[in-house]
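For reference, the structure discussed in these notes is given below.
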Amino acid sequence: MDQGLTHIDEDGNVTMVDVGHKPNTLRKAVFGTSVVVNARTMELLMNKALPKGDVLTTAKIAGIQAAKKTWELIPMCHPLLLSFLDVRFEVDTSRNIIHIQAEARTTAGTGVEMEALVAAQCAAMTIYDMCKAVQRDIVITDCKLLHKSGGRSGTYEYSG
Amino acid sequence: MDQGLTHIDEDGNVTMVDVGHKPNTLRKAVFGTSVVVNARTMELLMNKALPKGDVLTTAKIAGIQAAKKTWELIPMCHPLLLSFLDVRFEVDTSRNIIHIQAEARTTAGTGVEMEALVAAQCAAMTIYDMCKAVQRDIVITDCKLLHKSGGRSGTYEYSG
Amino acid sequence: MDQGLTHIDEDGNVTMVDVGHKPNTLRKAVFGTSVVVNARTMELLMNKALPKGDVLTTAKIAGIQAAKKTWELIPMCHPLLLSFLDVRFEVDTSRNIIHIQAEARTTAGTGVEMEALVAAQCAAMTIYDMCKAVQRDIVITDCKLLHKSGGRSGTYEYSG
Amino acid sequence: MDQGLTHIDEDGNVTMVDVGHKPNTLRKAVFGTSVVVNARTMELLMNKALPKGDVLTTAKIAGIQAAKKTWELIPMCHPLLLSFLDVRFEVDTSRNIIHIQAEARTTAGTGVEMEALVAAQCAAMTIYDMCKAVQRDIVITDCKLLHKSGGRSGTYEYSG
Amino acid sequence: MDQGLTHIDEDGNVTMVDVGHKPNTLRKAVFGTSVVVNARTMELLMNKALPKGDVLTTAKIAGIQAAKKTWELIPMCHPLLLSFLDVRFEVDTSRNIIHIQAEARTTAGTGVEMEALVAAQCAAMTIYDMCKAVQRDIVITDCKLLHKSGGRSGTYEYSG
Amino acid sequence: MDQGLTHIDEDGNVTMVDVGHKPNTLRKAVFGTSVVVNARTMELLMNKALPKGDVLTTAKIAGIQAAKKTWELIPMCHPLLLSFLDVRFEVDTSRNIIHIQAEARTTAGTGVEMEALVAAQCAAMTIYDMCKAVQRDIVITDCKLLHKSGGRSGTYEYSG
């Protein structure tokens, strides 16, 4: 090549992993996150009296829909074909916390942690949206991987 | 778990089917739908004189493009890799009806009815859009599954 | 230009209308469509016993989400900022029909018929998806503009 | 209407707010969230030695890109035209926390909290993705509104 | 702030311009690009005999559709409401070049060069796709701004 | 069928190839394109002094993200699961040209030229966007297939 030609590393060395040679195995991941509200918001939620309507069904659908777009939202993620997605809620009325668990599954050469993470956080953000007219200081917190299986790195279980 | 913790079913029990264990087979589906116009619109269509231009090519491309986004439009649909998509038109100039047939194919663990349905209806809606400047009371009607094959449930043929 | 240069019309004269000089006015449109099921599906729907869960909430959210993407689905549509979207259902249990009405509003230089149409048809397609495990011959039918107001062309009301 | 016709509320009363009559004012919102890593991950981050490359630039771009799709991710959100988006990072190397602040601005009839929230959380999720090969128990936590101004409800400042 | 807290500039200082205070004016931009084919491909194109069908209509629709997603494709672009988009072709049969001109218009606080650029290049890439079965060494070349008007920086005309 | 019924070919015969029967093989494609700037822009780029920040990292991420949406941008493309994507830059400071190479890989029944092409051109357009505040007559040029392998048609190497 001619003299002035330089390969420069100003591109941040951002790298997508090549997953072409990894075997397709059944992958599963579960993420948890929590939405902390106040007593009044919790009461409105339990009484289905929030102004934008059915919070948890909307949040569940939003989480499932967002997870299918994980590759679009997270730059270095690969597109993959999710075979199952679920978003589950447990409501702690004594501490005013909505616990969310999102689970993703696929058979692929790469894991599904990011899909479960996106589902959990988009469900949480939707809960925020549906409740923000009645409370501004809602907190989304403690988002972490609970379970991961499939792939070379073996099974991981969160040990709180 | 502590006392106040409740699994509540306010999430509508909305459920995505787990297709991870279904075998990959060749799937095919065909949907039909119809766009009923008036005589003047039909004449403009046949003379390629509608103000927005080539109606059927635009509708065909719109249907194909939309079908690839079925998983994005229909909440409980799985992403899948379509191997073939087609949108065909038959024009009944005596009754002023544009008949649309959309066909989708894939090799997957889940069927492609929804992809064929989305292709047919988005093609129909595009015809509406391209003609609405000259007629407001166009009707999109009689949208139904014509053929489905592949998968455990066997072949289905519409029997008018 | 040189001799061989030709403007060819193989591009179908497909044309996007220039709406840059149209005044911004409040626009509203309502579309109706219908989903015809059988008695068993209707019974399962009314008893909230369909396998994929809460059909109508899912269909409503799907319709609202899809309407926001109308410009992405319908090639010659302009992007616009919807100020309101609603999808409403009326269930005719004697004839086993789910009637859908979708309403869109904006303040813009172009109308919102296509947004209301996309909302109605995507809600209908989602109902199909949520019920197709129990019935294959569901029909989506009689989709038409019910109301349109705002803009130069005046108010339109469907007169059955 | 005929006898069997019922408006049923199985649609969860999910409601999009009509913002058509709200005046356009300058809106601003800032959300904060935090990513808690371990000492080794922090060291790799500070030394730009993580396997997927430049974490924070990638996270910033991901946050900005995702915020523009807030209306697509959060079902009851309106589309709006963001005039400014920023994602900022502060790294606490003593406690191994990456603090993220995301700011959104627009001139509209509705607020931009959700856009700032989506930017912050998608930046956090991208950090997770870029670091997950070296650490599995990263936590995304303490996501809350820090500032909101514009609109009828006045200015809000988080008061720790 | 505590001792270990550092604002680090690993985020590349990537910046979205704040356009909130710029006045809305009518903006227009035109980009040109060229697709150089061989004599056989040109002949097939002129005879409408290419295997994937009507090349230019498909390319025009693809260009228009892609331009509406410019904010999604180009990270630091603002979303804006295009009022007009057009993609035009001129075919130089003596030199086997398809010249593409794409024009975008809006009334906004920011320009539409990127929208015109995306339209031109996506139309060109679609021509490539529709012809690649018959020729592999097609070149897309000489893509440049031809015209820009509106906004503080005044009118620009390409002067070859 | 009744008398007035005609299959008309006004749909441009636009055709998606059926790839359902093609065997899945490892596919690879590399496209090159070039961005020609002036001496001042090149100097600002090399000094990381452009107003919108880190040009090449942003362009690389934009190219990777866009390639994942190739099926959405190019009408007759099939969705596919990319296993690897990369965008590389070489800067010729003597001639003020940024050379871009984009590489895509998958295991599929159809090739990945279009994905590599979209990555290269979207990276180039992002460079244009990041530099356009300081130079208006940037040219994107000489975009061509450099390498293609996998599939029935064998390996292709560009022979300049």
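In order of appearance the chains are A, B, C, D, E and F, and numbering begins at 1 in each one.
One rule holds for everything that comes next: a contact is a pair of C-beta atoms (placed from the backbone, for glycine too) under 8 Å apart; a residue touches a chain by one contact, two chains touch by 3 or more.
Labels paired with UniProt names: A, B, C, D, E, F = Cyclic pyranopterin monophosphate synthase.
If you're wondering where the values come from, they're calculated on a predicted model, not measured in any experiment.
J.: Which number of steps is the smallest that gets you from chain A over to chain C via touching chains?
T.: 1
J.: Where the contacts of chain A and chain E overlap, which chains show up?
T.: Chains touching both chain A and chain E: B, C, D, F.
J.: Moving only between chains that touch, what is the shortest number of steps from chain A to chain D?
T.: Step count on the best path from chain A to chain D: 1.
J.: Among the chains, which one keeps its Cα centre farthest from the Cα centre of chain C?
T.: Farthest chain from chain C, going by C-alpha centroids: F.
J.: Could you work out the angle of the rotation that brings the CA atoms of chain B onto the matching CA atoms of chain F, rounded to the nearest 5 degrees?
T.: Superposing the C-alpha atoms of chain B on chain F needs a rotation of 120 degrees.
J.: So which chain is farthest from chain B, going by the mean of the CA atoms in each chain?
T.: D
J.: How far is the middle of chain A from the middle of chain F, if each middle is the mean of its Cα atoms, in Å?
T.: Here chain A and chain F have centroids separated by 30 Å.
J.: What's the distance between the Cα centroids of chain E and chain F, rounded to whole Å?
T.: 13
J.: Take the average of all CA coordinates in chain C, do the same for chain F, and state the distance between these two points in whole angstrom.
T.: Each chain's C-alpha centroid was found; their separation is 34 Å.
J.: Among the residues of chain B, pick out those that touch two or more other chains and give their numbers.
T.: Residues 12, 14-17, 54, 57-58, 61, 65, 69, 75-76, 81.
J.: By the document's touch definition, which label belongs to this structure's chain graph: line, ring, star, complete, or other?
T.: Graph shape here is other: it fits none of the named patterns.
J.: If you go through all the chains, which pairs of them touch?
T.: Here the touching pairs of chains are A-B, A-C, A-D, A-F, B-C, B-E, B-F, C-D, C-E, D-E, D-F, E-F.
J.: In their shared complex, at which residues does chain B touch chain A?
T.: 1-8, 10-12, 14-20, 71-72, 75-76, 78-81, 109
J.: Could you pull out which chain E residues touch chain B in their complex?
T.: These residues of chain E touch chain B: 54, 57-58, 61, 65.
J.: If you look only at chain B, which of its residues touch chain C in the complex?
T.: 12-17, 33, 51-54, 57-58, 61-62, 65-66, 69, 73-77, 113-114, 117-118, 121-122, 125-126, 128-130, 132, 136-145, 148, 156, 158
J.: Going by the contact rule at the top, pick out the chain E residues touching chain C in the complex.
T.: Counting only chain E, the residues touching chain C are 26, 45-46, 48, 54-57, 59-61, 64-65, 68-69, 81-95, 105-107.
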